[in-house]
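Take this structure, written in structure tokens, and hold onto it; I'll ask about it next.
Think of it as A, B, C and D in the order they're written, each chain with its own count starting at 1.
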């Protein structure tokens, strides 16, 4: 026989003024299960909670109803009060007589009071069917997976590993470093990108808690927060990294020349190559697409010259598995292809290049040893025109959003140009200068003075060839006139876009992405590094365009989240999840189909007691179940129930008034 | 005498059945926790007044609502039901309200088919920010059902008599 | 024998008579038969669409409706402006039938619009429906040695989503046709720049400066002549050239052909039928280059071995 | 339509080859020209088997039966039967490898009065959709889906005034004696324990009142919504001859018209309308 205690709150005047609380108390006392009912000014206050604790002990209550404000407000508070009194906190029900009665029926006290009574009756009825529930604790595998070895991935991996949590870092190219490794100097301080990045790269390689898996891709992720299992494909490198010393004899001798991705195809690399001198790991890989030994079976020079015999043309892709508890996605970004700008003659004029190509040229270790040259004739350019917002902020040809970093790197480029070619002059066509950031505005101002670059506010309408010069015609909106600039070289500040395989990755991880292909955060303001899927976090440009400082901060934030997740040996979880009654389950598996979280799997149980024959039933994975109840409603044999919202509880509510 | 009877409210499904004087309908409101229940709380906090006929049940998601919750409500205590959930695409549980939407339509049509007035079963999408909308919805539902008079189809008591 | 519905437009009977006549010559050679739209009317270009949308749509619509009475599925249009108006109307009406119904009420006695006739500029027709191969096959007097700058103007390929033909910024269809005729098309960046046509009456200075630039760039590209497919382009570049030369003090003397004229020439039609006298800038100078081929500079120096081998062969 | 001979031969062959343990078919009931289902366990009894336009029952119902569950079964299915079989397979209640299915290109069956049954007149999928071998000549597959045939009774009832409908169905439910024959005769009612019999499910479980009948039948029809194949086993089984098909056809038409779903069980692996959704589902009935 249930013994319910009802505690009705005045909430100061909030309830008392519009609901006749004493009358409600009298009314509920008539319910036969109610053994104790009392009102108080502030139930949530300490004395209020004290009354609850005492009553539980004194009247041997089996469930508690608090009639007060919305359960969304104080349910937790009162649950705590219950457990303090040694009672299972889930035996509490809250009747919402403030938001749902006193505040919305202020003109009709009688009706409000009656409604309050009904709400109490419903809560009492429900609480009678309440069951003792216990927090679910899910064991966690304390290992993190970081996807992408750019600065974001590197930072996240290091921060997590420094907390003595093992990290698996997967990078799809042969070396970590990402886009930042291609940069020359970085705004706003102009410190050399390599100088600040390479030490971190080395740390990653040497860190005892980091397992670096380069030249690999994530194939499949299964499981749930704290208990993921990931399949990783190690692409065949045809070089045995264990024995290879990285001496470089192989790629020096290799006869096959291939456009060099690292240098934006400005120069050539070999078919066996290390992407760049400072690569980590500094071991070459064979590009199976171009290696004549692998394609035609001819050559084999690298094998001959390798003293260690590390070359193995028979190497196959390898699939490895790792158990992990959390994932940090840091797949970075791509640059937009400016082909649609036909009026600029993109593709026809050699001397129009993208900013990343320019970056490589002016980079000390670049294809032209740090001197910008005209691709057409190799001459050093004097007049260079920089055009911003190529693809960015352009609904017609590109994407609507602002790429955020172009203003700053273009400013940087004018400085670099000024440094490398002293008698050069830079022209910058811009829409706005967006220099929000620490030291950014100052940086731009200073650059404008130092380089004496000509800033022209307006779009370029046409580029045409005159002799060996490029004529750049645009508008100078500030004087409202068409201007023409004679340029030796034109640099397009192309937009930052999401990596093209982001959607596939998102599907494989089971997270969402926006219309541009950027991965979506759980909340734009309050949960900017989490995804909607528990245990998967986002770092860097894979979520939206960012500069290096922002990327690094987000990466560290991810690390903090991962550490938080792994703080205990197990994760606590709300027990309000679905449960299956095998006896009733007929194994139609419709619930498996409907569950949005894949929390339901199938299980084999014997037919009746001691029967050899097995039958299929559904099985809930408590760790994954979020407690939506979709499966409960579609289960025809009512074999599934949702703790906290069971059918008996809801029926009691329905029929109690 | 004639006139009196006229003024009295009759059950739309059973014109023979006359509502008791100053009869007030009972409406069972089943709200999803994340949008509509939060929305109804907002209605309270912003002190927007609405008729007191509705009795609210909290469920985690509109997809938790099994059609026979409605059937049972109508058979026992309620003269009408209102189910409310998150707007399509906003479901806290990704896709719950889409499954619910299908069940709701079929249930509504079926109940109407066997003789319940369609206004006795109503649905709404109310987001956590739509306090005013929740009040509007409750107002409409209450008015509709007041017009329909008391529901007396398949009520338990009708049949215990015989 | 192909058949093609033909909308000449007003200019074909005036300023661009030579376009019209040479077009007919050429199409005869390519055995395409033209069927004029009976009782066609003004396309409304330049004036109508700045006044009222309804009129701007109604005028072309009437022609479209009339064209549908003929059996052919394609309407070819000589004048670029006419083409523009027709195409725009067709696209708009096809996109929203409601509008089509409304506008149709104004020309209801002609019949109802079904949108079954496709609208193409003569350039587009030559390029897509006749095709380069067919054109090449008819060439009897290749224009080898003649360097031409192909000028498309603003209307033939724009806006892209309306015309759906060639590139709006750097089209190549006419270049390829000229190449097919044996001429050389120069790399000419002013292909689609504005010639100022809209100001040709009201503010000629603008026209002269803009067209001037085009002529300058054409010369720059090393062309002997400019080739066009639009009457207004032709008149602006040809007729105004003397004034422009006065204005800029540069002698261009660069004749402006219709691509049909060059086709006719290459197809071996007698020169007197090509209406060259109608040009302001004499064409002889340019045509003189036909047959003159400057020797291709020897790129690789033959090795002595190769030379010996050859001599031995002899 | 008479496939008695072929079916006997096939069954005999199957027994001879030891492919099946039991064959589910029809036999004459012995006292009039109507037929009843029969489970043939040996080759000797094969001669009992018949199949004519009097073979009305949906034999798939017997696959949930103790006699057939663990065995290899030969079975005869008409169009509608095969659809329910499809659903049984999808909902993994039977294993395909344990079945040898004889599909019928059905020309419609007749009721006691010799009239063609209403559901056969309206039938949209006469040919078996799942089978190992086909008897009769199936209609050529048309790429355009057959337009939905609105059930006449539904249309006329929908046209009735509300009070009329209410009264009509009140009588229907009043005549229900809660014997649950409908449930037992339905191939798709295979639940280990029906929710109607569960404590939680209803206020008056088992109670023989109109309201209890209403509750039971409503729940039942909603559980069959998007799954019912309109084989009318329930109606044939109902001792009070209730027009149960009305409830099912109503749901079917609503689903078909609003969700552009195909009929239940036509597509292998399809679970029915309630277990999937579309963004385009009607939303106008929701405030």
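We take it that a contact is a pair of C-beta atoms (placed from the backbone, for glycine too) under 8 Å apart; a residue touches a chain by one contact, two chains touch by 3 or more.
Computed from a prediction, not measured in an experiment: that's the story for all the values here.
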*Pair with more cross-chain C-beta pairs in contact, given B-D and A-D*: B-D
*Taking each chain's centre as the mean position of its Cα atoms, how many Å separate subunit B from subunit D?*
34
*Inter-chain centre distance, subunit C versus subunit D - centres from mean C-alpha coordinates, in Å*: 71
*Roughly how far is subunit A from subunit D, going centre to centre by Cα mean, in whole Å?*
49
*Tell me, which residues of subunit A touch at least two other chains?*
594, 634, 647, 651, 655
*So which bits of subunit C are touching at least two other chains?*
none
*subunit D: which residues touch two or more other chains?*
201, 203, 274-275
*Every touching chain pair, please?*
A-B, A-C, A-D, B-D
*Going by the contact rule at the top, pick out the subunit A residues touching subunit D in the complex.*
583-590, 593-594, 613, 616, 634, 636-639, 646-648, 651, 655
*For subunit C, which residues are in contact with subunit A within the complex?*
167-170, 187, 189-190, 193, 217, 220
*What part of subunit D is in contact with subunit B in the complex they form?*
154, 157-158, 162-163, 165-170, 173, 201-204, 209-211, 214-215, 218-219, 221-222, 225-226, 246-247, 250-251, 254-255, 258-259, 273-275, 277-279, 281-283, 285-287
_subunit A contact footprint on subunit B (complex, rising order)_ = 26, 28, 33, 37-38, 40-41, 43-45, 47-50, 52, 55-61, 63-66, 69, 72-73, 76-78, 92-96, 99-100, 103, 135
*In the complex formed with subunit C, which residues of subunit A make contact?*
342-343, 345, 348, 462, 464-467
